[in-house]
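Consider the two complexes below, in which chain A is the common component and chain B and chain C are the respective partners.
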Partner chain A sequence: MSDDVKVLNSVVSLDYERPPTRAARRYTEAVGEKRLIAHRCPECERLYTPPKGYCPVCVVLTTDEHEIEVSPEGVLVSYTVTNPDKLHQQGGKTSARGDVMLDGTRITLMGELDGVEAADVHTGMRMRAVWVELEDGRLPSSGGWGAVGIKGWEPTGEPDASREEVQELLKKAGES
Partner chain B sequence: MSDTPVPIDTVEMPYVRTLGPVISRFFTGLRDGEIWANKTRTGKVQCPPFEYDPYTGESASDDWVQLDGTGTVSSWAWVEEPLRNHLLQEPFAWCLIRLDGADTDLVHAVRVADKGQMATGMRVEARWRDERIGHLRDIECFEPA
Partner chain C sequence: MPGLLREAATRALADAELEWSDIDAVVFGKAPDLFEGVMRPELFLNDAMGGAGKPMFRMHTAGSVGAHTAIFGAHLIESGQYECVLSIAFEKQSETDTSRILGGGSRGGAGVAFASSIRQYIEKSGAPPHIGPLVAVKDRLNALKNPHAQLKIPGIDIKMVEESEMVVEPLRKLECCPTSDGAGAIIFTSEKRIPKTERPPAWLHGSSTRSEASGHPSRSWVNPLAGQQCAAEAYAQAGITNPLEELDCAEIYVPFSWFEPMWLENLGFAEEGQGWKMVDDDITAFDGAFPVNASGGVLSANAIGAAGLIRCAEAAMQVRGTAGEHQVPDVRRAMGHAFGGASQYFAIWIVGSEKP
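Let's turn to the complex of A and B:
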């Protein structure tokens, strides 16, 4: 019969409950003040934001004394444009997400790219964080994607980093 | 800071799968308020139906029987605090239910007023939703018969 039930429509859903660590609470407080903090590993000097409270490479703990502030601005080093199709769209429009390498670090943070048409997105763009607004002094859920507290990235309007500079940044990130 | 609430992140994705002829027939029946079981080549009645006989690996036969939605609880586990995506938003029991006429068990939720009413061997019957879409949730739950 043509009106037989032929497919199962469902939503796979996972709830993550993570009691915040001290490092996560400090990070959240800083984000509330539109600041980004990181931990620098005392052994290898790698930076982590949000801070984990340890360096997974060296297996050493990091604490408040390893905390530093990092710039919420950087260079777009990678991106992807999403064109939701009929099957998968969630009321979605064409949008772009990208990795921004924070100035002076080898950290890349992923986020939605805002304030720029998907067709105009290109690597080397100078970007700054678009902060999430606190709700009752608390950060809303990030939905499990990207950096907590950062909604996305928008162009600063400054001149692009050159192709060579972007390649150098990516090379450094690859070595880290 | 000990009163800091624990943040909950929810990650979701749509999941669509084709059912194939056997499960399609089962789900179409559910939409129409009917429960259908199929038979293995050894004559065992399977509900939920499978494309095969798990004991022999042989394809199931194309012999179908309709069941009436009453059955017996083979086993149960009490859920005191339901999760948000559970069938019932009140304490309930996950059960293995041997429907009358079947030789296998169906997993479903049983609603009782009190945990003390739950017992292996208790008689239950399906409570159907008014609006059905072709899903195991078309049976809202089972209740004591």
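Let's turn to the complex of A and C:
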């Protein structure tokens, strides 16, 4: 950028509170206990985590009776390593982020990859959730795109899923 | 902002040899307001768009909004409500810092999510790593022929792309779109109000828009169902059964190199997992059998809200034979396409040189 261009950073902050839905409250309580819950739509059987309290595809309500626990572990099916722009993302550091498909589901959740060097990240790794710590029983605010209540993922150390298994999982993810 | 819009609208009117007074209604599109930090800018921009006193509509579908703005303008004519409509879209990314908004801070944003879906594509299809750089070189070479392309890199080659800085793996800097300021405008008329210019009009043969929920747990970012359905509807309207044979070129929304092979599959130009082979075989090159983004595409100018409308306008210019140096020979039918949000909004139109 040339010298005659000045960048003015004027970041504003806006705090607000919103009352949680019942589904969101139960999800938050579960996160506090390091458990992951989902709602299973009674019509199409799609799983939603965090639960929405409805299935937007079938347009039906879901309640506690549709709540099930899902494994907070899965397989890394995709990832990227980000190299933040020094101008726009001050304080940003090189980090790996990836999509983990939860065991026994078609849910992929994105998050930062912890406990592994960016250069060593590869698809097929077995990962488990790194949980967000609740503050006064609440989820701290978060920006960006990613899972709710899960800070990121760390390797479990178990043997990798094979390339064929990863391709199979990705195929399953896209089936509507 | 008013200047950008005024320039686009004035040029469109000059091309159609029409006056502001000929316009019955205005359709306005841009990506989310926070990109410029101005809430509902259409309210103060309306007079710059020639909309004072006229019906005016605002479209909102994130990055695909320009194509929706074009298609909605056409709908207003098709419905019989109006005889002459101006669709206009813009983005002025230099007005504020969209990198902060789209970058998503330390949690990662648009680039991270798209890079991750690109790796899913590579994993699924087994595409070799040079495909992304090939698309980047092709679009950047095309940009050299387009006076409205903004990022021009004479002498661009694979080596230059492969040696550029890694931004979000596997995307290098020259495989990413720039941030841009820009605007575009298209004028629609009913059949009885076709302007009497020497330059022929483009005819709308088919159009479609679709959306899907971003939180849909079984959706694919690699081959989204909404994109497939959007293409199928546009083809059905245009009477197309083999798009690769029956279309002559396409302007597809490719903000990152690898979206070209992904969308070639999503839009039915290639079988699933085979899109990268069309790139590898130079079929989508300017002198290939099916040129994609002869204008240089979004990789060469990405005024986000305008980019989809410009894809539609470029397709129209190709069938009108007015694309200048980047004119593909003998184009009878062409596609304009855009997607937006978390790969969840789609808009496609098919235009032709002949009345359908």
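The rule is simple: the second predicted complex is superposed on the first by the 154 of 176 C-alpha atoms of A that agree within 3 Å, B and C clash if a C-alpha of one lies under 4 Å from a C-alpha of the other, contacts with A are read in each partner's own complex, and residues count from 1 in each chain.
In this text, a residue touches a chain if its C-beta (ideal position, glycine included) is under 8 Å from a C-beta of that chain, and two chains touch if they have at least 3 such contacts.
Quick caveat: nothing in here was measured; it's all calculated off a predicted structure.
S.K.: Once the structures are superposed on A, label A:16 by its partner contacts, choosing first (chain B), second (chain C), both or neither.
M.R.: After superposition on chain A, A:16 lies in contact with chain B alone.
S.K.: Among the partners chain B and chain C, which is in contact with a greater number of residues of chain A?
M.R.: Ranking chain B and chain C by residues of chain A touched puts C first.
S.K.: On the A-aligned overlay, A:79 touches which partner chain: chain B = first, chain C = second, or both, or neither?
M.R.: After superposing on A, A:79 lies in contact with chain C but is clear of chain B.
S.K.: Scan A:4 for contacts with chain B and chain C and give back first, second, both or neither.
M.R.: So A:4 only meets chain B here.
S.K.: Scan A:52 for contacts with chain B and chain C and give back first, second, both or neither.
M.R.: second
S.K.: Is there a shared patch on chain A that both chain B and chain C touch, and which residues make it up?
M.R.: 7, 9, 87-88, 142-145
S.K.: For chain A, which residues count as touching chain C in their complex?
M.R.: 7, 9, 46-49, 52, 56-57, 77-85, 87-89, 91-92, 95, 97-99, 105-107, 110, 112, 123, 142-146, 163, 166-167, 170-171, 173-176
S.K.: Which residues, counting only chain B, touch chain A once they are in their complex?
M.R.: Chain B residues touching chain A: 1, 4-19, 23-25, 27-28, 30-31, 83-85, 133-135.
S.K.: Write out the stretch or stretches of chain C touching chain A in their complex.
M.R.: My answer: residues 97, 99-100, 103-113, 115-117, 119-120, 123-124, 165-170, 213, 215-220, 222-223, 225, 342.
S.K.: State the interface residues of chain A toward chain B in the complex, per the touch definition above.
M.R.: Contact set of chain A toward chain B: 1, 4-20, 25, 87-88, 90, 138-139, 141-145.
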